[in-house]
Amino acid sequence: MRENRIRKVWEAGGVASNVFLAIPDSFAAEVMASLDWDGVTIDMQHGVIDYQVAVTMLQAISRYEAAPMIRVPWNDPAIIMKALDAGAYGIICPMVNTREDAEKFIGACRYAPNGYRSTGPVRAVFYAGADYHQHAEETILTFAMIETREALDNLDEILTTPGLDAVYIGPSDLSISLGGAPGGDQTWPEAMAAIEAILAGAKRHNVRAAIHTTSAEYANLMIGKGFDLVTLSNDYRHMAAKAGEMLAALEMG
Amino acid sequence: MRENRIRKVWEAGGVASNVFLAIPDSFAAEVMASLDWDGVTIDMQHGVIDYQVAVTMLQAISRYEAAPMIRVPWNDPAIIMKALDAGAYGIICPMVNTREDAEKFIGACRYAPNGYRSTGPVRAVFYAGADYHQHAEETILTFAMIETREALDNLDEILTTPGLDAVYIGPSDLSISLGGAPGGDQTWPEAMAAIEAILAGAKRHNVRAAIHTTSAEYANLMIGKGFDLVTLSNDYRHMAAKAGEMLAALEMG
Amino acid sequence: MRENRIRKVWEAGGVASNVFLAIPDSFAAEVMASLDWDGVTIDMQHGVIDYQVAVTMLQAISRYEAAPMIRVPWNDPAIIMKALDAGAYGIICPMVNTREDAEKFIGACRYAPNGYRSTGPVRAVFYAGADYHQHAEETILTFAMIETREALDNLDEILTTPGLDAVYIGPSDLSISLGGAPGGDQTWPEAMAAIEAILAGAKRHNVRAAIHTTSAEYANLMIGKGFDLVTLSNDYRHMAAKAGEMLAALEMG
Amino acid sequence: MRENRIRKVWEAGGVASNVFLAIPDSFAAEVMASLDWDGVTIDMQHGVIDYQVAVTMLQAISRYEAAPMIRVPWNDPAIIMKALDAGAYGIICPMVNTREDAEKFIGACRYAPNGYRSTGPVRAVFYAGADYHQHAEETILTFAMIETREALDNLDEILTTPGLDAVYIGPSDLSISLGGAPGGDQTWPEAMAAIEAILAGAKRHNVRAAIHTTSAEYANLMIGKGFDLVTLSNDYRHMAAKAGEMLAALEMG
Amino acid sequence: MRENRIRKVWEAGGVASNVFLAIPDSFAAEVMASLDWDGVTIDMQHGVIDYQVAVTMLQAISRYEAAPMIRVPWNDPAIIMKALDAGAYGIICPMVNTREDAEKFIGACRYAPNGYRSTGPVRAVFYAGADYHQHAEETILTFAMIETREALDNLDEILTTPGLDAVYIGPSDLSISLGGAPGGDQTWPEAMAAIEAILAGAKRHNVRAAIHTTSAEYANLMIGKGFDLVTLSNDYRHMAAKAGEMLAALEMG
Amino acid sequence: MRENRIRKVWEAGGVASNVFLAIPDSFAAEVMASLDWDGVTIDMQHGVIDYQVAVTMLQAISRYEAAPMIRVPWNDPAIIMKALDAGAYGIICPMVNTREDAEKFIGACRYAPNGYRSTGPVRAVFYAGADYHQHAEETILTFAMIETREALDNLDEILTTPGLDAVYIGPSDLSISLGGAPGGDQTWPEAMAAIEAILAGAKRHNVRAAIHTTSAEYANLMIGKGFDLVTLSNDYRHMAAKAGEMLAALEMG
């Protein structure tokens, strides 16, 4: 089975880089995948992307080394299983707030007897190889998003769910859940304390820790704290940022 | 009829900014259009875009002030007319090398008696208003691309074509036609001489001059020379540039 | 934040008009939005429309004044949140039969602490403005569909759900639930009694009342009864009605 | 080979009804095809429709009796042949102004030795039957649009082109070509004289005559004059007309 | 109401043939439907197909006699109802493991008072006829997939669910649930025993029995055992099998 | 620049295998590309495929070794250039009947000074590498279809066109042009004589010879004659053939 680049980076002791795709187009996906990311994640939650176009994006990413992942819109077995069958090598699941949520999520990603995923990896075998079923469990990554006060309260129960590979922090939702403002790269004390608590919990239970960021500065801060994966914003924000910079530099006379 | 922002900028004595879209998606188009460009051009020639998705991109751009334009794949009345009917406020036509080419192009953009455009502005009236037919000719912009040695040889004949609003220089094709290398922002002497000859010709015949650039530096150089419109690269290059910068700034330990 | 035209009409003491879109196409949506509706609703339940094309329809509607709304296929947070992130200014949720249903629905539409909506309004900020998060709750409309006997039995509990802006009556489902025939514009006694009971309940709890209709006559009857919003059929029925009329008027000899 | 309903109507001495589709969607096409038209024409010229979606529209129409036709964007063999291969039973070709235009058009619709159409009727055999090649020529209809002064000048040469089944008048283009205003249902003297001259020419050369109309009144007028086919406006105009009528009938208090 | 060919075959005492579609394209669907299947099933679970393209596939199938069916991704009323409204004449629901699962599934397929399906058969009436609501229950087929040990344990409770027409065995999931390997055409003892137990249960409760197969040999074995419907693999497997055979037969020298 | 597998096979003295894709879907393309073809050709002429979906098909093919090629709908520089910019490694051009046709075709495939292709290989550089412009001419293959009597008459003039890599015989069109019946695998004397004349001409002028076939038997016959590339039918015919075989093998009792 084709290897998962993020697992390989982690096994080598490194930190993995990741980027989100919110633009529903396979060419934009190919351009992004051509850069040297460890993971490229199709964002079906807050991106403008549904399943049918996500498949073409997975195909475009597949020629590159980055692990293709999908953030699903919700903790729903229908879309989790379709994402995996289409060849996703990682699932980021939003709003995992309880042990029950975590088990529902992990179960949808694992075949019997470890879960209830239905077998039929229609495109996954083309991406991964004919031995997909045999090695899927040890290759595919499961990320539970920890982004509410409720999840913080249930942290250890979530982190000890069998089959959970990693937690993924969404700082914006976490902040509003804690009474703060929305937005990325949160640094106010309560948010920072929560981030560190999640990180510490992950280390305690030997689960990987990942976080969403919108700047290299914040990402580097998080790497420094010990995170295993940082996501560096997304496609359309990169596009708008550079376009805005260049437009501002025009001397229109 | 809704005004054309590029014409308005020009009438006020300014230089117009423009950007190309190569990603076939209306959300990416909306993000780009939300910046303060004077024109936003859907690139159906070297972009990855066909008509059906171009319509949704025009719709997304329409809420913003920028003039929506289309670079057509070729000097072909079928697509020129469909682009206009869909609401394009400017057509950039590649490879206009002769007076005959120019007349064929302009004729496709103008109704009788000034051309042979067929009437049926299906979406254009929703964008422009019910008086579209009456004011289309004075609102819509026609850009003939001058990008070959043959076009240079026929410059005055092209520039004096009735109804031609502007020339648009494609430096990469121009360079290879002159025996140079491909790529944007050409500065080698023969290319620069050709650019200046085209600009001088445009000024001589009271036609606007536009040029494709890939950096603010080169764009500013061209503004300084007297160009009326500069295109600042395109959507996916902006995206890749910023993503690459940020990825390179990660300290992966 | 851009205002919601339906709220504005209501604040001025008026009745709002609305139409449903069932055809999955952004041009058809633009044509309908160009008329003077107060709301235009993309029907993802009984229309032939899925998320990806709904986004382009929202973009097409956005240039017009009508409030863009979405009827979601089911009371499912995944699609409710994606609809809102895409810029919907109102959600019509089918089959809200209990207080629990209503709370699940409203919670998906509201950020913490009033709900559990995840933040990431990817296109909504382009439509609504940068202050979207701050004003979303007071701008976006929530409509719970009351269309079963069970919902009638739980009417007061539903109507007192915090954050519920309006009820929306689906006469066809309501009729079959009460033992009648399907179809719009129901007038048989039990259906009419149910409609009046819902309307009275809404007035009692200061919730707006909306109803689906298929004719101006029935809509006017409902306006006369005190409804705050009437939906006048949908795109393809309008199309077929006029086409049928004209075809019937041909004198084919 | 499946019969062509328009031919059948004509053979029975009747007048055929036709409608245009401008909305790029197969469901809208199915709704329109469910009415009792003799022909349903996908308008790839002034409609918002490209080839890929046109195929799904042809499939939707195929279950109904109406002859599926396509108005191509231009007199271009590439799209004419693709339209026929996809199962169109009639081609309406815009701007046939000369005998050379007519021969180019007809040749693209006929196999050797009567034309230069390439064989490979990929979907047409599923619609028409395995004997498609054998009967295509006598089943498929060719309509040359006569809509310019130049075409009027060349009328007899066009009408005598072997293989031409019908002429199709576009009153809006015809009017502007003659110096009038755009729009359907032209009645000013010079336009009417041209329409009658074309009709007389068609009768003289035993070619069928068709005309585009936007009202049953005008269509009936043309039927009275002897036209063999009338097109009654299109999908989105029908939709907007009925929606506008019903909205205007609301008594919003 | 248009009849359901599978029901007709069964009423005549026959065994029905069925095929799955996994390729998201209406032309491929039309090609498959043109063969003489009794049912053609769009596989939205393990196929690469989402709702929007499924509609065009249903339209393509509709011209042929085969009953158009959909395997939904999951036991979710939202997609079950949308599939039915789009004109599906049968729903195959995965992972029906308990009586509660079965009731949830059947309820989504039946109008009140037998279920909770919302009325609005937008395209179904075009396929089935105006009397759709009246006859839907006796025409549409419901297949519950029995494919886990848990389902085996609850077999009689599932089989006696009112409104259940048939069970559908997925041998691959069934095998892994029983501790075997994935893959079609399972013959190991425990799998075979389970298959026979399900078949016997179906016979006992007068419910039809269907099974997924990947070869005519296995299908014939199952017909011999008494199954009422066999599915013979799917579109892309047929394509790859024949292409592989022919490629292997090339003598490349 | 990434190598062209067909060229590599030829350089090693072998015969190349090729298959056509007519189904407009990237998953079907991936399945076919996963087999061991030397070339996989997207058929935009007689296939049901337009540009936008062809791009996603090219992306799907790109992960495999087969050379991705496109048969364009017609000898039109617009689509030839867009196909190449999207990453096609070979263009098969229909109906090349004269030296002028051949020069128009080849010119569209070559940059100055050897042709008039406009530079902007938007996706091609992602597939081929940054040195695309430098090596495109020696990597990309040009196939002129010889399929009419006129082409036979002009054979030597066509074959000596500079830059022509290969001829491609379309037996069905060739047959009808010679007065025979349509269909693949033609063996009647005049067709066979023409095929041999074209093959001999190709050998004489050191141009490669390719032919379309619909069976391994005919393909092997052609390999025996000395052809350099054989195309073995297409995707949907393979699918229908195997499905039909299996369906016929069912013993429905």
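For clarity, chains are labelled A, B, C, D, E and F in written order, and residue numbers in each chain start from 1.
Here is the rule we use: a residue touches a chain if its C-beta (ideal position, glycine included) is under 8 Å from a C-beta of that chain, and two chains touch if they have at least 3 such contacts.
Everything quoted here is computed from the prediction, not taken from an experiment.
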Every chain in contact with both subunit B and subunit D is listed here as C, F
Counting only C-alpha atoms to place each centre, which chain is farthest from subunit F? C
Between subunit E and subunit D, distance of the C-alpha-averaged centres to the nearest whole Å: 41
Express in whole angstrom the distance between the two chain centres, defined as the mean CA positions of subunit B and subunit E. 52
In whole angstrom, what separates the CA-based centres of subunit D and subunit F? 34
Could you check subunit E for residues that touch two or more other chains and list them? 22, 24, 27, 31, 34, 48, 50, 52, 55, 76, 79, 122-123
Can you name every chain pair that touches? A-B, A-C, A-E, A-F, B-C, B-D, B-F, C-D, C-E, D-E, D-F, E-F
Listed in rising order, subunit B residues that touch subunit C in their complex are 26-27, 30-31, 34, 55-56, 59-60, 62-63, 122-123, 126
State the interface residues of subunit A toward subunit C in the complex, per the touch definition above. 22, 24, 45-50, 52-53, 73-74, 76, 79, 94-95, 147-148, 170, 172-173, 176-177, 179, 181-182
Within their complex, state which residues of subunit B touch subunit D. 50-52, 55, 76-79, 81-82, 85-86, 111-113, 116, 118-123, 133
In the complex, go through subunit F and note every residue touching subunit E. 14-15, 17, 19, 22-25, 27-28, 31-32, 34-37, 48, 215-216, 219-220, 223-224, 230, 232-233, 235-236, 238-244, 246-247, 249-253
